[in-house]
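Labels run A, B, C and D following the written order; every chain starts at residue 1.
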Amino acid sequence: MPLAVESSYGHLLGLHGALHVDRIASEALRGNPLGDPSERPVIVYTPPGYDPHGSRAYPALYVLHGYTGDAAALVSARPWERNVVQWIDRLIRERRMPHAILVLVDGFTRLGGSQYVDSIHNGNYATYVVQDVVGHVDAAYRTIAREGARAILGKSSGGFGSMHLVIEHPGVFTAFASHSGDSYFAYAHPPSFPSVQRTLERHDFSIATFVEVFEKKHKRTQPEYQTMEMLGYAAAYSPGSATAFDLDLPFDLRTGELLEETFARWLAFDPVERVAKSAAALRRLRLRYLDCGRRDEYGLDIGARLVAQRMRELGLAVRHEEFDDDHRNVGYRYEISLPALADVLDREA
Amino acid sequence: MPLAVESSYGHLLGLHGALHVDRIASEALRGNPLGDPSERPVIVYTPPGYDPHGSRAYPALYVLHGYTGDAAALVSARPWERNVVQWIDRLIRERRMPHAILVLVDGFTRLGGSQYVDSIHNGNYATYVVQDVVGHVDAAYRTIAREGARAILGKSSGGFGSMHLVIEHPGVFTAFASHSGDSYFAYAHPPSFPSVQRTLERHDFSIATFVEVFEKKHKRTQPEYQTMEMLGYAAAYSPGSATAFDLDLPFDLRTGELLEETFARWLAFDPVERVAKSAAALRRLRLRYLDCGRRDEYGLDIGARLVAQRMRELGLAVRHEEFDDDHRNVGYRYEISLPALADVLDREA
Amino acid sequence: MPLAVESSYGHLLGLHGALHVDRIASEALRGNPLGDPSERPVIVYTPPGYDPHGSRAYPALYVLHGYTGDAAALVSARPWERNVVQWIDRLIRERRMPHAILVLVDGFTRLGGSQYVDSIHNGNYATYVVQDVVGHVDAAYRTIAREGARAILGKSSGGFGSMHLVIEHPGVFTAFASHSGDSYFAYAHPPSFPSVQRTLERHDFSIATFVEVFEKKHKRTQPEYQTMEMLGYAAAYSPGSATAFDLDLPFDLRTGELLEETFARWLAFDPVERVAKSAAALRRLRLRYLDCGRRDEYGLDIGARLVAQRMRELGLAVRHEEFDDDHRNVGYRYEISLPALADVLDREA
Amino acid sequence: MPLAVESSYGHLLGLHGALHVDRIASEALRGNPLGDPSERPVIVYTPPGYDPHGSRAYPALYVLHGYTGDAAALVSARPWERNVVQWIDRLIRERRMPHAILVLVDGFTRLGGSQYVDSIHNGNYATYVVQDVVGHVDAAYRTIAREGARAILGKSSGGFGSMHLVIEHPGVFTAFASHSGDSYFAYAHPPSFPSVQRTLERHDFSIATFVEVFEKKHKRTQPEYQTMEMLGYAAAYSPGSATAFDLDLPFDLRTGELLEETFARWLAFDPVERVAKSAAALRRLRLRYLDCGRRDEYGLDIGARLVAQRMRELGLAVRHEEFDDDHRNVGYRYEISLPALADVLDREA
């Protein structure tokens, strides 16, 4: 006989806590130029013992997925591995971290990701997270609804987003963890530009044509994914206007030459560049956590070193760890970051 | 405000139908020597309009996952791709196939997969599928509970399992689809043996030691996955006894030399070998569907050609397709197989 | 001012000894069906102090190149590496081995290599080596012209050729060294068959068409090289007739299925199979040397283990070494094999 | 009977012309700080009919090898391919280009290459080429000893060197061909810096330690080659002093951060940067030839586009070709460049 359907997917994942899939109508994303849905899923994990009608309130950890991810991908299951929800459930069960709520944010766009920034081209994804998602969670769940009880974390573009949001919206989160987070764009992105130029040339130099072809394919090549990724970054960092596919690329579309002026707009988002200008926002944090594998294909280990260095130059403590791995499948690092974040959060309302 | 939790994950996947995650206590797997759970999830997709209390009954398609997969992995989501549940939902919505129930079977073991065969070492996974899973589904859902309304399909080891079950248990399913299914073991498996021998030598020639090390690692290498895979096959095809890790390997553990006698036990499961001996079971099928990419890394395209050839030699019709792709991410083939299977099933109770 | 041109290439390689490039008219290869030249280069290295008119005579080491190699490739130079001639020159200079002559044999064919066997399709390459090349060297150089002062060695197909010639022509060489030599064909070759079948299918199933296309290309793909390689083996092991491109392939050209009968003809050349039948030939050797990297992509480390095991089962001593490397660029192993071989050879006429 | 030893290696390569290996004592390289030999090989190809005592004089084409190459590697043979000497010999034989002398220059250093620039750290490799090598060739061979009868070409670092020398030493060569030549360093080099930083960190941040370890290894990894390569470039573009291994790296050795000031010294050598400042030198050329594969791993196709664009902006004609290939084994492009260069050279003394 079938069990109750409630929390069934959580059960499938072997969770002791519960998984809730909500949908929110985002004010910030309404009518976004790219045409992505403004109604978005929010997946909320509540720990064992959570009682929606009880008096206990919980700190909340917000998780941002990486580029080409979405909220659903964050809860995808792979045998012999644990996703972030399985990690927190296990860590709480083994009393290795305090009880907390975990919130999985959806930041996907037609171009593969929003980088969690407000963009005239994509819509206001930063505002969406700090207002619409946080607002919903505080309203619908028993959270300790204040800065001191909220942390944010993520991997790759999600790590970038975490740093972006604590800098851009001080007062919302009191701690962040960036796993292999995008940074030091000087190394991370230009190596892809030749491949992107070639790919767009094969599509008559048209972004729209490329996107349509991409979407119709059963399977995409590595250069095609790389191209989509750089379009996603351009849509976030150097949008042209509020018209779909009107992006300023950081290279000359015909020759591939780097366009310093446009790339400077990208660099304005680079955490390495921003730390020195964001002392106040960073100072109010209780934990600044960065890690990266020393074989990261995008050189993000160099980026993490530099972000950590810049923060220390401001007199701020940083927890910075390196490990022997590349960029992929480093979800096991949640075992470190989740307790570290939860430990600095308020536990009492 | 959160939506109801019911069918929430299905909603996350954008389904119009509903997703149910049941748990069944399998008689066939009870007390299995490898110590895997005998309580198993069964994920059931019901199409739009499905009414558990209504009078309409549906044909059912059973899906078997591949090696290192499990039921949860079958419903995992990836942006820009569709899993099998998203495919059937879309095909039904677009009226490209009749309404049907889809059942996702869980055949995972500690060694990464059961191949859906009865094994003294693993437990009786074939029996589990045809009795426990089919029994549960027919009892709990409004299916047309007979051979003429059941089909089975899968990819890779799931394709193998589909062929195995129609041969081994005639009368349960009336059609199968094998996508890149394991076959022609002469090509598919021996290329891995040197790597497996080396890996086990590094673990003191002990399967138990290897498995424990494997399970504790955050991340595994390609040879480690390859080794686990061959152990999984040995557990299915050439078990030693009902003691965990007592497997007969098809090569000499010290030198790596192929052991013809043990490998012959594997070949006894090879679809290419079995077709000629299974004329009656195959003849009663309404559809025999095989496909494979022509760049399959395991040479399974050769296997599919040979299975198709052998069937035709028996005077049986086969639908056999090839396409330009390798072994990975060929889920888009469900677009072909799901309607093809559903079309031959009874639609009236 | 330019130095004299004599021995100039040897000078370029930094040799203290001298390099001679002779051309011989091979009786054995005359009129070979494949149309390869029967006039062949023989490259001879003579050690420092060698005097063509003196009284001192030297033992001789014969080197066989691998598949897709030729005599010229054996003396090719790469910075930071040493070719076999540079190795012997250095080892002699450092007094780590006795003075010896080194002979580089050319066994290239239009299909990329002869495997140094007599074939009705290719010509008689075994006979060519043991009669024409050895005959020329003994006639033109001051060698100790007898079995006890001759050794043979090579890498990959050259290692195979070394084993083939000591077995097939006992009495010519008294020692061999096989570096990563072809053996245990059951693992080494069938993994390539699917790729070869697909490639030939793309060329209308015509070997002649494929070869012509291959020869005209500026650059070839991995499957194209793999295909040529298997054609080369078929030309050696399973020729059809003395007509160019009339080869028996070990798989069905249309389906890719292994043809046991033809593959048995290949196995008749497999060193693993031959050892037991070649006790007398092997027993008269003073040194049997085998080595292979434990990451060999063709599983030849398994082959070397088995050849060594089979020899030991005959009561014969074997020097068998393994090292942590793959199949490529293992020329540094000459540092071990050259002195080992030279040490067992007669030094006095 | 052995043929005469003279020109034997050329015979091995199947040449109709002759190959001469000279050695010159380079004034420019004498006492170079890195300790590389100042006596250098110069390999000279003379066409069929060349008579050292005759009256006919020839134009000369100078070939520069790539990084990790040397003069010997330029004449290395590979079955189914042609080296540059085999190409010119064939093109002359087939009357597809006029008779010419081909000169292979040796620019190897302990760090893998000199980039053919004068460096306080390496020695004066530009001067060595234009004075010592050209001087020797004009003295020892029947060349038309003037600018109008000399061209220079090369691949990769050799293409860079060709552009460098026509710019730095106007009046020596009247044409150049750069195949996949180093250019647009902004894309070509920084992608390697993270890997180099990690590698040097593993060697206690010591260049000397790294070089010694590198030289002792039988086989090097990809990051090790990459590291040596960047050291080679630093030795050429940003030497520290005339002390071995005193190099200024373009990144912070501890963090990996790009050092703009040092990298600017590299960019001062970038052909893309130099064209605009070198109008006079470039204008006197009769042919400016550039090509590159559109899948070049270092983005050198972008570089070639930009160099061509910059030249056209000066009102100069450029022959610029692209082809569908990557960076490796593009020697078949000599078929285009050799006749193109020879065609613009003086043929009459």
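Going forward, contacts are C-beta pairs under 8 Å (C-beta built on N, C-alpha and C of every residue); 3 or more make two chains touch, one makes a residue touch a chain.
Please read all numbers here as calculations on a predicted model, not as lab measurements.
A.B. asks: Considering only chains that satisfy the touch condition with chain A, which of them also satisfy it with chain D?
C.D. replies: Shared contacts of chain A and chain D: no chain.
A.B. asks: Between chain A and chain C, tell me the centre distance in angstrom, where each centre is the average of that chain's C-alpha atoms.
C.D. replies: Here the centre of chain C sits 57 Å away from the centre of chain A.
A.B. asks: Between chain B and chain C, what's the gap in Å when you average each chain's C-alpha atoms?
C.D. replies: Once rounded, the distance between the two centres reads 46 Å.
A.B. asks: In whole angstrom, what separates the CA-based centres of chain C and chain D?
C.D. replies: Inter-chain centre distance comes to 34 Å.
A.B. asks: Where in chain C do residues touch two or more other chains at once?
C.D. replies: none
A.B. asks: Classify the chain contact graph as line, ring, star, complete or other.
C.D. replies: ring
A.B. asks: Okay, in this complex, where on chain A does chain B touch?
C.D. replies: 1-3, 5-9, 11-13, 19-23, 41, 43-44, 68-73, 76-80, 108, 112, 140, 215, 218-220, 325, 329, 332
A.B. asks: Quick one: which bits of chain D touch chain A in the complex? Just the residue numbers, please.
C.D. replies: For this pair, the touching residues of chain D are 184, 186-187, 190-191, 193-194, 197-198, 255-258, 294-296, 299, 301-302, 305-306, 309.
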